[in-house]
Structure formats: structure tokens, C-alpha cells
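Let me give you the structure first, and then I'll get to my questions.
As written, the chains take the letters A, B, C and D, and residue 1 is the first residue of each chain.
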Amino acid sequence: MSERPVAGDKGFEPRIVAFFCNWCTYTAADLAGTARMAYAPNVRIIRLMCSGRLDPQFVLAAFRHGADGVLIGGCHPGDCHYQEGNYKALRRYLLLKRLLREMGIEEERLRLVWISASEGDRVQKVANEFTETIRRLGPLRLAPRPGMIRLPAAAQPEPQPAAREGVLP
Amino acid sequence: MSYLYFPGCSLKGTGRAYEESLLAVFRALGIPLAELADWNCCGATAYMSIDERQAFALAARNLALAEAQGASDNGAIQLIAPCSACYLVLLKAQRHLMTDTAFRQEMSGVLPGNMGDPGQIRIRHPLDVLVHDVGLQEIARHVRQPLRGLKVASYYGCQIVRPFALFDRPHDPSTMDDLVRTLGAEPVDWPLKTHCCGGSLTGTMPEVGLRLNYLLLREAQRRGADLIITVCPLCQFNLEAYQDFIRRRYPDLAPMPVLFFTQLIGMAMGLPPRELGLQRLLIPVEGRMAALSKEGAHARA
Amino acid sequence: MRAHEIYPNGGPRIGVYVCHCGFNIAGKVNVREVVEFAKTLPFVVVAREYKFMCSDPGQEMIREDVREHRLDRVVVAACSPSLHEATFRRALEQAGQNPFFFQMVNIREHVSWVTEDPREATEKAKALVAAAVRRVIFHEPLQRRRVPVKDRVLVVGGGIAGIHAALTLADAGKHVYLVEREPTIGGHMAMFDKTFPTLDCAACILTPKMSQVAAHPNITLWTYSEVIQVEGFVGNFRVRVRRKPRYVIEELCVGCLQCIDACVYKDARFPDEFNLGLGKRKPIYIPFPQATPRVVLIDPETCIWFKTGKCKQTCLEACERAAIDFKQQERIEEIEVGAIILATGFKTFDARRIPEYGYGKYPNVYTALEVERLVNASGPTGGEVRLRDGRIPKRVGIIHCVGSRDERFNRYCSRVCCMYSLKLAHLIKERTGAEVYNFYIDMRTPGKGYEEFYDRLLQEGVHFIRGRVAEVTDWAITPDEEGKLIIRVEDTLVGAVRRIPVDMVVLAVGLEPQPDADEVRRMFNISCSKEGFFLERHPKLAPVSTFTDGIFLAGACQGPKDIPDSVAQAGAAAAEALALIDKGFVELEPNTAYIVEALCSGCKTCIGLCPYNAISFDEARMIAVINEALCKGCGTCVAACPSGAARQHLFEDAQIFQEIEGVLAYV
Amino acid sequence: MASLEPRIHYEADLDPSFAREIIASSGSPSLMSCIQCGTCSSACPLSLYMDYTPRRIIAMVREGFKKEVLRSRTIWLCASCYACTVECPKQIRITDVMYALKRYAIREGVHPPRFPIPVLARLFYDTVRRRGRLTESWVVARLYLQTMPLRIPGMSTLGWKLLRRGRFPLLPEGIRDRRGLQRVLRVVERREVAR
């Protein structure tokens, strides 16, 4: 049983958008409901017919509009209702992770999970864990504006004083 | 591969023969064993009944020492614990350290060395090491005097197969039977392999403990065992030392030698009896062995 | 100023309806607050709450508002769309609106039932309503697709459930293909002697149905056959069936069994599968006398001809109809059906997994299924309960819940074991006069006449000891235990630990999914529940449907079931299949993908992605073309299209973007 | 006729928080899912000698029969062989529950007087705390002196035999870094008090 994360005295409350496949994870979330498995209310579920419908733009749009984390739920490998849409989702997910890294967004903010229709308890567990992860990461802040150069620490003989993290003219 | 060795208190006392035979067998097989420096009591059963967290702390100190001492060796640190109680408590404490992060942090400040990853230590029972690391084939290669005709009842007791059944089945374990066959002897099939000997109850509540041990010994006897081998100093002590007392209550019991499994291996390897601590047995085994070899000679003639 | 006031004529007119669902939603979510919030959302003309939106008055409320307020968009916040989306779409249709100007918000399963704090629940509900309102603005009128339905049905599995479903459909005039893996139909029921609680003879009630199947003009019976491939969708499944060679031509064999007598093996010497190895058979055999079809088969594993290539082939000479064919090959049949009923049954728990009970170690420990064969008049002992050494047991222990109600094996109760244990206790006592002990955790006898049967057994003097057995051992302590099996158990009602010596132990093994249930469910594109049985669409309201339209469940493949329940469910599955194919067509969700031709750059990215080959390339116009009849609506091509030319009805990018913004705009 | 009064259980005497405490201390929340099947009792090699079988102890803990449970012989007879734990169909860690009950009883001091098992535990605990290791011969000698002085003559032959075979060393064992060990134990102790 995963415990529901406790809100840090009404401090930061993560906003999480979840894209769930109609046939597995969405149904599992229904099952979690039927079984009254409470989980963090931060997760807002959007239904797709297949995780393969997940356009990478959806993820970027979610971050742009203020999501702190994005969850994708698809069928277990081999179980896709449409044969292999979940593999396509996996490919896009891996690409998106690299993209997010480039954009200065922690890649833990995006997570792909395989949850079958019978795994209501896993929806609960994943929702709680993911909310905790995002809570630890804090609100999404996009990377500092260009102009700052952070010199690689390893290349320097000794720790650099803050002043040397120079602003270019 | 080299191993660290955690003797535990009993192997320095009532179970001295266990230590002697274990070291002798490993030496003869050419496997180095280094005793864990300044080890302390594992925190076993009795301690656990007073204060579980302190018991875990005791075990944690041993794990920290092992990590410090074994750090030079590449790969996982292998820590051999021959006493079943030590083996179990060390495993239990290790799981506790791995799951309770608060406890781990608390410990890491005060323990010797720095407690890195407690999970990297592999706590092993010598039976597991001998059968699975060394291998029965290698042991067979060292057998000089096969124990032909000897019927051996293997007794596992409880704590090496329960609750963590890491190297054998908890209900019907078989590693020792395989080993017995390797040594040329014949394993006795009996249903009490893992029935408890009562632990310290034999001392504290004799009427209970003696009956438990009587039932074990009687069943081994009825199934034709010449001797019993054990993996635990407490089981060995209970089964062997109290036989006079048991016989006073249950006269149908004949003397039954109870050996450590390492003593039996040593005998088959032809190691000198003194090195195996055979002189420390209260019920000598030499008589049986002599009778056997006579029978064997007879059969050959 | 509200958004719809800015566009007095042009903007959409949205109605929002929030359901209390009794206390299910209203007990957690402040419905009034959600309604008030909805009223502030753009283009919302009317927002209301009601106790049960799905009820007639609730639907009427929507219909009236559509007419009165000229609503052209409706949002209902209630339960999961899988339950009532269709209901509300129909309501819209009845009010003269296009049913797809509708969006459902799941504030029960996804909010009130899974959120502890009422405040947080209310806020989450508001966010989801906001998202749906924004989404529904971008909805478009759509037409459902109508697809004709093949009026034939495939039934997989020829146990009592499959037999009953097949006969029901065949009697209704539909053609049925009944495919069974074993050489005969009948399943587990054919192995039983008597059935509880009436004690009527299993063969007497089953074999007439088996021969009806064989004789029915509307049933094509393929035994010794397996489904190997399933394609298509509701109404139009294409199925491939492998028919294994039995080395006997089914159409020629009349079941005279002279070939068996003639076999070069004079004695039956190979373990007989039907009798679970308790009896013997020859390499050429028939599983049991009433096997259906009554056709022999040859087991190549044991037949000398197959093993050595040298045999006098006396069977061949004995057959007057030349039905034996050593060169027979497997055949693949292809069929097209409109609906499929899965009735693949169960297997019993492997008692070896609990070594404490000594199955496989002590010869006098039996599984219940083996004892079914022992008490069966046509079984290996002719119905006499004899131990392997020929003795008749004087004391028998029946251990319940073997492999059931146990976190280490199966958590669930197997439902039938209490009752079949009672039956076996009765039969054993009747045949041998033995003292019979039942060891149970809880007696579960809910069913017509079941409790009365339990009472009968109590009256007969069968012992009932409440306690789960820890061990069966041959370790004798007292002289009366010598040579016996000793059952160690706590008699929990007396509060004493007992050692009960017996001659025979019967393990009441539980019911488990078939070992290949996972492969089967993949082939049919359905789901399994946690414990591995096939998952029904809804545990109460759609118990024989699956998440794949057109595929239905019957019998124990869906969960442990006794015979009455299996038959009832088979009837229900047959009715569902009949309702589907009798109509002649199905209406499909219009969620297909399409191409906006002006935007397509002809890059062909989408073409390889489609799992159904629904996309082709128009070389003349240099654009992709989607065949909507083949499209199943997964949207994979839409997500991949770099120019945004591929789109999906009901899941348009614009709609989903609005939904994203909606859930985030309000938190 | 003996008074019937002690046989009557008053609901008010029960401790409704007992189960919670034992679950926390044993780390076995599955205790609540016990279905009273009795596998633990029949797997237990010692249940024959117990006043309450392990199954009944679980039921009593769950219902708050604190006094009866802590005074029972059962918890002291548990030899920690884990047979119940591995066979429990609900995976209740019964052995750990028994440990938790022993600790509770020792803390509350409610075990039977001169009962050797808790005395042994205490001796064991004190010796290890002080010296870091246990010398069996010393602990056994003190145990008999404290709880079973009348049995000493009967045991002397065995003691002598063991002594002669070098299995009963007279020199007590100990570790070098006793300070360090005590530091470790004190940290845990402080935490306990802080709780």
C-alpha cells in the first residue's frame, strides 16, 4: 500500500497532467475508484484512445501551460489494444526526455508507465509516487536565460568563487 | 573468492568444534577465511526480546566492520555466519538497514568506518558457500575416505531456511542430503529436518525442550540414522548434550552422535580428527566409524 | 462580462450538468460549488445539479434545456464514460442534437471515490469540468459508422459453458463453430461422477447435451483444435483454427473401437490423461466411452509406428472403413464470425506447490480431481475408492482451501471447493464407510440447496474440523499413528492442536486460470484481472462482455464458478452474442483518423505506422489516404504527422489542447 | 467453589490501542487480516505446551486482551523458529509479533516471577551490552543461580564434561572497542527515550 503523500502545510502543490490510454490505464483508474483507493488529487487525467495518440506537443503544451509533471499511461508491452501504439509512445517518450533535458527541464517530470486494466492499485501507487517526486523537484522553473556561462567544475583546479561565474559582456 | 568469517559467540564456546572443523575444511579446500576483526554479539534471539533496535544496532556494527575490512576486495563482500541465529539476525538487520533510512542515518554517524551500502554485503551460511560456490564436484575431488554405508540424518533446524529461504526450500531442504551423497554416505529421508529443537528452551523449560529433542532423536533413530549432522551450534548442543537427561525420561533412546556438517566433510576428506574437534563430542563417533569400516572390509572380503 | 455575452449570436451555447450520484459524488464533492463555478465559464448558458443525472428525469432535464435554451453543447459531470456516455449521447439525439456535441467528466471514479479531502475533491472536479467545457466548444457533428455483422459465432472451449452457449445459439438458428483443444468435448464436468447438491449423475445430464452438439445441423464441432489467430473487429472477425492430426479420419470413423482391440499392445500400459494417470490406455484410444465426437485418435508419442517406423499396423487392418491415416497432417481452417464466446475454463491448482501436504511424495495423498475419477463408476476403479495399494481407506481427511485464500498462491476463494468437498465426503463415506474428516477455514455454502446439503453431511456424521492444516506427515509419535498419514491441525473451535491419523488425504485444490490464459487473452485482445482470469467489462452490469466489442465470456475462464453459474453465464453470453448478430449491423464510434488534403506533404510517415494498413498513398495527388472502414481510431498516425494533416475525430488536437489548458487553468 | 469473577471479561478492561501498538512494534500490519485459520498453531512445534495457541494470541491482540496476552506462557515459549511465519496464508509475521509481545511484557514487568526465560534474556542483554560478546558458560551459571538453584547439582556432571572438552571456557570473552559499541547503543537508546 502506498501512502498518500501529505501536503507540505499547504505549500507547493504540484500540478500533474496524465494522459491515459482508454483501454488499460484509464480503466485501471476507474477500478482504483471502484475500489476506493485514494491517491493524490494533483493528478488530472485526460483520456486518449491509445498512448500512441500522444503527440509530443501535448506534453510540451502541458509544461507551457503550467504543469509541473506529465504522466503517460499505456498498456504493457505486447498488450496494446491497437497492436503496437504503446511502442510508438515509448519511442516518443524517450525522444521527449532528451528534448526536455535540452530545455533545462528535469526529465523526472515526465514519466511513462505501463498499467493494465486490472492494476487499480498501481494507478494509486504511481500517482502518489509521481506526486511526491514532483513535490521534491518543486515547481517547474525553466532554465536561466542565456548569457550565464557555468564553467565545468571538473576542469578547474580549485573551486571557483561565485564572482568568476562571469556574465559575458 | 575470499570470505570474511563471523564466528559468533557460540563458536568460541560450546561450538568450538564447529569453528575448528570449518576452518580445517576451508583450509584443505584452499579457500581463505579472514575472521572479522573485533566482531561483537550478533544481537540474537534473547537480545531481540529486550530491545529490537539495539539488536539491529549490534548487527549493524558487524556489517560496518565487514564493509571496512572487506572494502579492499573487489566485488561483493561475502560474510560467512555459521551459527543459524547469527545468520538470521544479520540478514534481518541488513533488511532493516536497507528499508529504514532514518535508522541507517542514525547508525552511519556512530558506526566504525562509513556505512555505505549495507546491501552490498552478502551474508552467507557456510553450507550455502560449500554447496553452491565451491560446488559438490570440487568437494568430491577432495574426498579421500568415502563414508560408505554411513546413514546420515541431516538436520537444518529452523533459522537457516526460515523465514529467508535464500539457498534452499523452507519446507523440504535438500542441500545437505546432496552433500552427504557427495561424501559417499547415505542420506536418511526423515520428515523432521526443519522441526525446531526448542532453542534455549531446553535450558529454561526442560520438560518442553527435552521432549522436543527426544522426538527428533527418536525419529532419526527409527529411520536408521547412524548419526545426525547439524548446521547450528545451538541445535548441536541441544541434541547432543542433553541425551543423558532425555534417556532418564525416555529410556528407549540409544546414544546418537550429533556432528557439525563440517566435521563430516572433514572426516570424508581424511583430515586428522583433532583438527576437526572430534574429541570434543560427548557421544563419540569413532566407534560407529570403526564398526562401519569393519563391515565394509567384511563385505569386500 | 461573460464570454457568451460578447458573442450574442455566434458563440456556442453550453449546458453543464453535475450529478450527485446519491452520496457517491455529493458526499465528497461540493456539487453546488461546482455548478456555480460552471456558470462562470465561457459560453455556459445553463448549469444544473441533480441527484441522478442518468435517471429519466435527469435525462429529461437535459432534453428540455436543449430545446428551451437552444443548447448546442452539453457537458455532464458524473461517473466514468464507460458507464453512461452512451446514455447521455442518446439523450442529446432525442432532443434533436448531434450526439457528439457532448463531453463527459468523470468526477466519481476519478474524483470523489479517490480523494480523501472534500476541499481537494471539489477543486479537482472544478478543474475537470473547466477542461470539458473548453473541449466541447471544439466538438463537431459526427455520424456513427454502420458496419454489417456476420451472423456466425465462434465458441472457444467445449466444457459445459461452451456446450450450453453453442446449443443456445444453434437452437436460435445461428451457425456456431465450437472449437475444443482436447479430443473430446465435456471438459471437467465429464470427469465428475455426481454433482452437488442434488447428487444427480454428471454423465446423465451432460452426455445428452454432448450428443446434441455432435448432431446439431447448426454446429460445426472441431475438437483437438486450437484457435491460432484472430483478426478484425466486432461483427467481422477472421479466425484461423489449427486442427491437429489425430491420425484418424474423423468423417470415416464410426467409433466401433475395433482398432483399439487390434493394437499390437495387448494391454493398456500408458498413463491415461482423462483418468489423470490413475488408469492406463493404449497408443490408439478414445478418452472415455461417451467421448464426443466418438472418434479414436493415435498418440504419436507412444505409438510404435511413429516411434520406430516399424509396426504390423494391426489397427489399420482392423478398421473396416479405412479411417486410419498415419500420414495425416494438421489443417488450418479459416472462418469469419460476427461474435466470439470464450469458454476456455480453468485448471486445478498444482498441489505440488505446497510441499507441506506431501502430494507427489506420499502415494495416498490425492487431489480432489483424482478422487472424482476414483468415485466415478466409469473410472479406473469402477467407482470403488481404493488406495494405490488396493486397500480401502478406513479414515479419510479432506483438506479445504488448497492453494486458495493464501497470499503465497491465490488470494481468492475458489468458490466450489467447499461444496465439492462435501460431495466427495458423502460419496467416500457411502462407498467405503470410512470416517471422513473435513478440514476447513470457513464453510461457504451460498446457493440453492447448498446449506441444506451441508446439514445433510453433518447428520451423516462426517467430521468438520475448523482449522487449516499445516502439514501432512508420516512421522508417527504414537503406535496408532504407525503406517498412517498424520494431519496436523489446530481444531480452532476446540482450541486444541490435534494430530489426526488417516489412510487417505484428499486435497481440495482451488481453481486457477488456464496456464495459457495470458497468450489467449492477447490473441483475442482482451484483458485479464489480477489473478489471471479474463476480465469482464463491468463486474455487475456487463459481466459477460469484455473491453473488446463482440467478444464475450462464459464459465470459469472469467473466475471460479460451479456448474449452475457456468451454465447461467453461458446462456447470458449466448444472448449477448445473439443480440449483436441478430441486428445485422453494428454502429462504430466515429473516432477515425482522416487527412486534411491541403496540409498533407506526402511524407508517408503515417503509412508505416498504421497497424491495420488503413493508410495508402495516392501517387497521383501525392498525398496519404485513409480508408476509414479499416481505421480503428488509435490515433498513432495523427500523433506522428509532422504537418498536422492527419487528424482524428473526437480526439482533435484542438480539443485535447483545450483539455490540457482547462485542467491547468483552474487548480 | 472458586470465584467466577476472574473468568468474566469486561469490555472496559480491554485496551483498544493494543493492536495498533503491537502492529507498529512488530512491523506486521497484516495482523489485521488474520482469518483465524490456525495454521500457525498447527505448524508451531511448541503450541502443545502453550496456554493460548498462537492463533488465539493474534485474536486476543486484535481485540485488546492486553492483560491476558502479556501474562500468557505462550509468548515465552516461542522459540523463534519462524515455522508459523513462512506458512501463514496471510503472511503475518507471527514470530515478530511474539518478539514485540515479549518486549512489551518485559517493559511492563508483567511476566511470571522467577520465570527463567525473561531472566535469560536480561542476562544476555546485560552481558552483551557490557562486554560486546557473550560467554555461554557464565550466562548459564548465573541463570541457574538466579532461577533454578535446585537444578544445579543435576547439571554439574554435564558442566564438568563440557569443561573437560574445552566447550565451557572460563575466561570471559569481550571485544576491544567497548566504548565504541556503547556509543552505538546509546544513540539508539536516546532515540527510544525521545520517542
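By our rule, contacts are C-beta pairs under 8 Å (C-beta built on N, C-alpha and C of every residue); 3 or more make two chains touch, one makes a residue touch a chain.
Note that the structure is a prediction, hence the values are computed from the model and not measured.
Peer 1: Which chains are in contact with both chain C and chain D?
Peer 2: Of all the chains present, those in contact with both chain C and chain D are B.
Peer 1: Can you check which chain pair, B-D or B-C, has more C-beta pairs in contact?
Peer 2: So, comparing the two chain pairs, more contacts are at B-D.
Peer 1: Report the inter-centroid distance (CA atoms only) between chain B and chain D in whole Å.
Peer 2: Their C-alpha centroids are separated by 23 Å.
Peer 1: Rounded to the nearest whole Å, what is the centre-to-centre distance of chain B and chain C, using the mean of the C-alpha atoms as each centre?
Peer 2: Taking the average C-alpha coordinate of chain B and of chain C, the gap between them is 51 Å.
Peer 1: Centre to centre, by mean C-alpha position, how many angstrom separate chain A and chain D?
Peer 2: Using C-alpha averages as centres, the distance is 48 Å.
Peer 1: Averaged over CA atoms, how far is the centre of chain A from the centre of chain C? Could you give it in whole Å?
Peer 2: From the centre of chain A to the centre of chain C is 34 Å.
Peer 1: Give me the residues of chain A that touch two or more other chains.
Peer 2: Counting only residues that touch two or more other chains, chain A contributes none.
Peer 1: Would you pick out the residues of chain B that each touch at least 2 other chains?
Peer 2: 171
Peer 1: Identify all positions of chain D at which a residue touches two or more other chains, and write them in rising order.
Peer 2: Expected reply: 83.
Peer 1: All pairs of touching chains, please: list them by chain label.
Peer 2: A-C, B-C, B-D, C-D
Peer 1: Sort out for me which residues of chain C touch chain B in the complex.
Peer 2: 355-356, 473-475, 477
Peer 1: Quick one: in the complex, what on chain B touches chain D?
Peer 2: Listed in rising order, the residues of chain B that touch chain D are 9-10, 12-17, 38-41, 43, 45-54, 57-58, 60-61, 106-107, 109-112, 157-159, 162-163, 165, 170-171, 194-196, 198-201, 203-206, 208, 212, 241-242, 244-245, 279-282.
Peer 1: How about chain B: which of its residues touch chain C in the complex?
Peer 2: My answer: residues 169, 171-172, 190-192, 215, 219.
Peer 1: Which stretch or stretches of chain D touch chain C in the complex?
Peer 2: Contact set of chain D toward chain C: 30, 35-39, 41-44, 47-48, 53, 55-56, 83, 87, 89-91.
Peer 1: Per the contact definition, I'd like the list of chain C residues that touch chain D in the complex.
Peer 2: Against chain D, chain C makes touches at 356, 401, 405-408, 441-442, 466-471, 488-492, 495, 497.
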